[in-house]
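Note that the chains take the letters A, B, C, D, E and F in the order they are written out, and that residue 1 is the start of every chain.
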Amino acid sequence: MDFSRYNQAEQAQINAMIEHKQMKDFLRLYSNLVQRCFDDCANDFTTKSITGKEEACINKCADKFLKHSERVGARFAELSQQMAPQ
Amino acid sequence: MDFSRYNQAEQAQINAMIEHKQMKDFLRLYSNLVQRCFDDCANDFTTKSITGKEEACINKCADKFLKHSERVGARFAELSQQMAPQ
Amino acid sequence: MDFSRYNQAEQAQINAMIEHKQMKDFLRLYSNLVQRCFDDCANDFTTKSITGKEEACINKCADKFLKHSERVGARFAELSQQMAPQ
Amino acid sequence: MSFFGGNGMQSQQAINPQNIAMAEQELEMVTDLFNRIVDSCYTKCISKEYAQNDLTQGESVCIDRCVAKFFDVNTKVGEKMQQMGQQNMPK
Amino acid sequence: MSFFGGNGMQSQQAINPQNIAMAEQELEMVTDLFNRIVDSCYTKCISKEYAQNDLTQGESVCIDRCVAKFFDVNTKVGEKMQQMGQQNMPK
Amino acid sequence: MSFFGGNGMQSQQAINPQNIAMAEQELEMVTDLFNRIVDSCYTKCISKEYAQNDLTQGESVCIDRCVAKFFDVNTKVGEKMQQMGQQNMPK
């Protein structure tokens, strides 16, 4: 995204908006991760604490989800840059 | 949630915000219920009015959904309270 | 929706709100369409450009999705009108 | 944007923020209902084979009935909840 | 709506907009967590046959455990992410 | 929060609310696109067996292609809709 066409006062306000949005996006990523890993890993409701097997699954799921998001972010940034001049 | 660290003026504003949010949450619960029960119960598109069988299904689905939400709410409140002092 | 009970100043503000919302709804429709047609049509990840077969599928999916939304919109408007006097 | 550039007629009338908030909520509910119907009826009625660009006769009829049924369910559930008058949210 | 009609007590105290924003975010997170638990545990625990209006004994027990487990997972993932202290968003 | 505490430089320039609204909408669209790609490509590419903590070679390659394809579809659908220039929303 290129906001250089706006004046400095506007850019300052836009930057504050972006910062606020990044916080919200981070929280959204976090709660998406929790729900997805819960849905994929928690399947035994004979106990109310998570089992060792479930915990191992959740750990791997959380790692994969974060690495996945990071990789999508990298590709997304590259492709956005390529499209910018068009 | 404990907002006692804020001053009274702030708490008044926060309470107004909570009230507004409860209204929105109630509407969200309602439309979630409608969509879920429709998806689970309406499967016969040879008619345009709901059949007796579909209506019975929707009634049970709506009751279960509300009781489910209520039970989740009760457990949620208990667990939130337990975690608060940490 | 009938906002004739409000005064003209209020109606002007409500109309601005409706216009803003229509823009947002259009963007939401668009990104929903993209995701749905991608999910339904893109299944070959041995290439990074979309194949001829995928493109044909996406074209049909996009057309159907728009015609579907249009038809739902028409029925929705009729039924809303019928219910208004109640 | 509606805060700027009022005309003469508007400046003579007071805007009640509660009326605006009510209109906003009504708009929100109608849009949400529409979006949910689009989603549910697409899943119920549209074949994922995408054999042609037009809706088939069967798909069209299915959509009409699906929208009508969704309205029906929405009304019935609304009546039911009004009867109960109960609330199920975390405080 | 909270901008209008303050009482005497309120007018003597300053409202810090950052405190309000923090409270709003906290409220948002708690509501979001609640809604996700309702969704996930409904899918995990409630039979789609809808044979009666009440929750069965099995469904009730499942809900209790499901909510407890979701809290558990939420805490564990939170601890894990704090350890990593990393951020994965597009700039 | 941007309403409070402006500095000297800012106070000399006028803020056009329409520019801010446009920037907000652009930001919204980019974030929404990113989130949808994360969701769709996770479903398409990541094995639910969770056998290890790292992405496999196959998963990594799949993600790269999936993101590229999603961009492609996004562009193609955009062009198609511009051609049609039609609108399908309830009034």
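We take it that contacts are C-beta pairs under 8 Å (C-beta built on N, C-alpha and C of every residue); 3 or more make two chains touch, one makes a residue touch a chain.
In UniProt terms the chains read A, B, C, D, E, F = Mitochondrial import inner membrane translocase subunit.
If you're wondering where the values come from, they're calculated on a predicted model, not measured in any experiment.
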If a chain touches subunit B and subunit C alike, it appears here: D
Touch-network distance, subunit A to subunit C, counted in steps: 2
Inter-copy rotation, subunit D to subunit F, in degrees (Cα atoms; steps of 5): 120
Listed pair (C-D, C-F or B-D) duplicating the B-E contact set, over half by residue number: C-D
Remotest chain, subunit F as reference, centres from CA atoms: B
Between B-D and B-E, the pair joined by more C-beta contacts: B-E
Far-end chain from subunit C, centres as C-alpha averages: E
Where subunit D and subunit E are represented by their mean Cα positions, the distance between them in whole Å: 25
Whole-Å gap separating subunit A and subunit F, where each centre is the average of the chain's CA atoms: 12
Where subunit A and subunit E are represented by their mean Cα positions, the distance between them in whole Å: 18
Multi-partner residues of subunit C (at least 2 other chains): 25, 41, 59, 69, 73, 76, 80
Residues of subunit F whose C-beta touches two or more other chains: 1, 30-31, 34, 45, 64, 68, 89-90
Of subunit D, residues touching subunit C in the complex: 1-2, 6, 9-16, 19-20, 23-24, 26-27, 30-31, 34-35, 37-38, 41-42, 45-46, 48, 50-55, 59-60, 63-64, 67-68, 71, 75
Complex contacts: residues of subunit E adjacent to subunit A: 25, 28-29, 32-33, 36, 39-40, 43-45, 61-62, 64-66, 68-70, 72-74, 76-78, 80-81, 84, 86-91
Subunit C residues within the subunit D interface of the complex: 1, 3, 6-10, 12-14, 16-18, 20-21, 25, 28, 36, 40-41, 57, 59-61, 63-65, 67-69, 71-73, 75-76, 79-80, 83
Complex contact set, residues of subunit C against subunit F: 22-27, 29-31, 33-35, 37-39, 41-43, 45-50, 54-55, 58-59, 62, 66, 69-70, 73, 76-77, 80
